[in-house]
Amino acid sequence: MLELKGLTFAYGAVKAVNEVDLHVERGHVHGLIGPNGAGKSTCVDLISGRRRATSGRILFRGDDITSRTVIWRRHAGISRSFQRISVYPQLSVADQLDLAAEIVGEPDVDEIVAALRLGETLRRRCGEISYGEQRRVDIALALLGHPELVLLDEPAAGLSHAESLSLAEHLAALVRQRQTTVVLVEHHLEVVYRVCQRLTVMEQGRVIASGEPQDVRTQPRVIEAYLGSAA
Amino acid sequence: MAVQLLNGLAFGVLLLVLSSGLALIFGLRGVVNFAHGALYMLAAYIGFSATTHLSFWAALVITPLALASLGIVLDRYGLRFLSHRAPLDMVLLTFGLTFVITDLVETVWGEQSRSLDPTAALAGSMSVFGVRYPTYRLFLIAVGLLVCVALVVWLRLSRTGLYIRASSSDRRVAAVFGVDVDRASAIVVGLGSGLAGLAGVLAGPYLSLSPNMGVEILIQTFIVVVVGGLGSLGGAMIAALVLGMANAIASVGFPSLSAYVPYALMLVMLLLRPQGFAGTRTA
Amino acid sequence: MTVNETNQHTAEAREPARTPEPPTQAPSPRPGLTVRDALRAERRNDRWVAAAWAVMMLAGFAMPYVLAAYPLQLAVQGTTMGLLAMSIGWLMRQTGRMSFGHAAFYGITAYATANLANHTGLSPLAAVGLGVLMGAGAAVVVALLTVRTPGISFAMLTLAIGMLIWVWAGQTPSVSGGFNGLNVTFEGDFLGRPAAKLINPVNAWPLAWIALMAGMALLWCLSRSRFGRRLTAIRENKERTTFSGHRTYPALVLAFVLSGLMAALAGAVSVLTTSFVSTDSLYWSTSGMALIVAVIGGIGSVMGPPAGAMAFIALQASLSASSHYQVVLGAVLIIVVVIAPGGAAELVKRTARTGARYLGADRHA
């Protein structure tokens, strides 16, 4: 489905993403975890086209998309949410969902609205609803149009523990139903372990472990990298 | 030719003083101050009255101080309350201020043009580079350059200068580090208006006074600030001198094209390098 | 369906978000309110606006019977400025871009029409048509160059382009009539009446009024169309719009061109109703004044800018003896920006909403 080959992104001399290889299976929720500054969000930026890779290749369904534009990728089926919520504060929730749905040809916005519990907010401006609700609008915008691959950049950031778990369950149910592949960057490990079928751990721009969640979490190097700096 | 270059330099220095103020205010408040030309025009008239009642030297001191006080009031009771608003709102506010000031000047001093003779010590002409050149213009060049050098040195070396530079690059971070951003803003808007005041007094005996003089020079000042890189003091200073010189050279070399020069310069600059030739930094 | 019923559904549906126990079965139950319903509710006020427009349109035709010649002349001026203010105000609202260059499209159209009418045998209608095309063509070129640039740089770019054209006109008296301006002699009929007679406001008014009302209707419909909503989305959050798969550049170019077309229309009305053009029409303050009256009238509504323009012309005429209109205008502008952002139109809207709530309309759930 998605394959990264030797993907590198450098800010001057610093390699934020360094020779990353990654393989994401169709239909999986693939977790991307690691301490702050590990290069996870940069990876999402590279896959979604927000930044251009310094070197390496990105393959999507076997095609090289490394130099494609954001718009091309969105219509080809790669979509994303943002760590810093990116919505339209002055538009009503209904308005912005309808607008985005029309661009990408989503037939059933209400399915997403229902799954993300946004029904009550529809007539309010996005700037006036709660942080958690704005977060869900951001995710809803990413899910419109049945993208094959959705990149979620810390969807639980800023949410309470309960909110995070609830969001994770709703999301997991929705993507399972829509057969969407997901790359999930997330700090909230409980969310990650609940919904991910595969896990990749990054540290300082490199992949240090990858595999089934139960295998990865017991690797000494992961424990050291993760707990060593996060705890 | 030497005379033309000196003329270019004199006008460039006038623009330099005026646009330094504009660039400082933009750098810190993020406001494109449309009232800057009106402040300059007001200063020219205040300078005119101060010169006729007292002396030119008194006007040279009083006017910038008066304008600086006005600037501080403007910041304290105007811009501060709107600092969270869209930049375009600020533009419109200062636009409104321009009308009010223009009307005020027309009411107090009348609509007709006036001219002011330089004081006796600066009247006549001097010999420079083998040509005779009006003493007053040389004085203008000297004062303008001196003030701008002093300004840059002060911003670089003093503690207040450091605070101002910090607040210009990032208000929030500066505030977190304990910089009193409101105080820095008041100083900058005061200083910027004071510089407009100085430019106004200096312009009195050099150009003729009219209520339109502000609007006429405002566009040139904008061009300088845009070409220099919005909010960049150093860039604006270079751009002011370049524009003054380019005007002078074009008016000798291609007189029919000289009127296009400033606008063409701004157009090309914005299209090729929207951040101006110095990027956006203060000093 | 009633809104109350919907509310109960959604309130229930939202509860689980607070409990850590997730619902086990998918698909989850759907709340009653759908996106379509919500949008329809938002558009409910539109028919009132449309009705108000229709009433105003019809009432406008009575003006020549109500006003004397001089006030009517001012009203014609007001429609011209209103069209220009509307074009600049609409661009600002839809794209967040403030243009100081629209005077160029206004002036180019006026000058092109004038020169075609004076020097070629074209009928007034053909001259006006070609003039508007040239104004709009200039808008296309400017749009392609400038719309990528955001914020204050855009304002400065449009200012620079407008001023270059002004300088050119000033230096080309054979086209512009220099600083004395250019008188136009229209020969032949314009829409069935002698074009030269349009200088009489009684003849000019219906034409000016129809142009204003048509422009207003066009921009209002555009704002509500998918295109208008996409523009709003670009203004609000350009990056997100790109990530939603929408190309922003063509949309911005089209918006600028439509707005420039409206400015060109204003130029055409101006030259037809005054038989005169001067280089002042190209100067940046022509755009600046139009922008100011647009803000005072309120750019949130298409009716705001023309209303602001009419008020400005009236104010200027009534204060022209004392020449203090500048201080009044400046003070009004400052007050509007400080205490009533959104201008007069926003105040009217708020009043109408309060009134509607008072009368028990189910506007808000």
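We just call them A, B and C in the order they show up, numbering each chain from 1.
Heads up, the rule we're going with is that contacts are C-beta pairs under 8 Å (C-beta built on N, C-alpha and C of every residue); 3 or more make two chains touch, one makes a residue touch a chain.
Since this is a predicted model, take the numbers as computed values, not measurements.
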Where chain B and chain C overlap in contact partners, by chain label: none
Centrality ranking, top chain (CA atoms only): C
Inter-centroid spacing, chain C versus chain B (mean Cα positions, whole Å): 34
Length of the line joining the C-alpha centres of chain A and chain C, rounded to whole Å: 41
Computed distance of Cα centres, chain B from chain A, in Å: 50
Residue ranges of chain C touching chain B (in the complex, touch as defined): 92, 96, 98, 145, 149, 151-153, 155-157, 159-161, 163-164, 167-168, 170-171, 284-285, 288, 291-292, 295, 323-324, 326-327, 329-334, 337-338, 341
Residues of chain B defined as touching chain C within the complex: 32, 81-82, 85, 87-89, 91-93, 95-100, 102-104, 106-107, 111, 215, 219, 222-223, 226, 230, 256, 259-260, 263-264, 266-267, 270-271, 274
Touch list for chain C against partner chain A, complex: 7, 9-11, 13-14, 16-20, 22-23, 26-39, 41-42, 226, 229-230, 232-233, 236-237, 239-240, 242-247, 364-365
Parts of chain A lying in touch with chain C, wherever the complex brings them together: 48, 50, 70-71, 74-75, 79-80, 82, 86-104, 109-111, 113-115, 117, 119-120, 122-123, 132, 141-142, 144-145, 161-163, 165-170, 173-174, 176-177
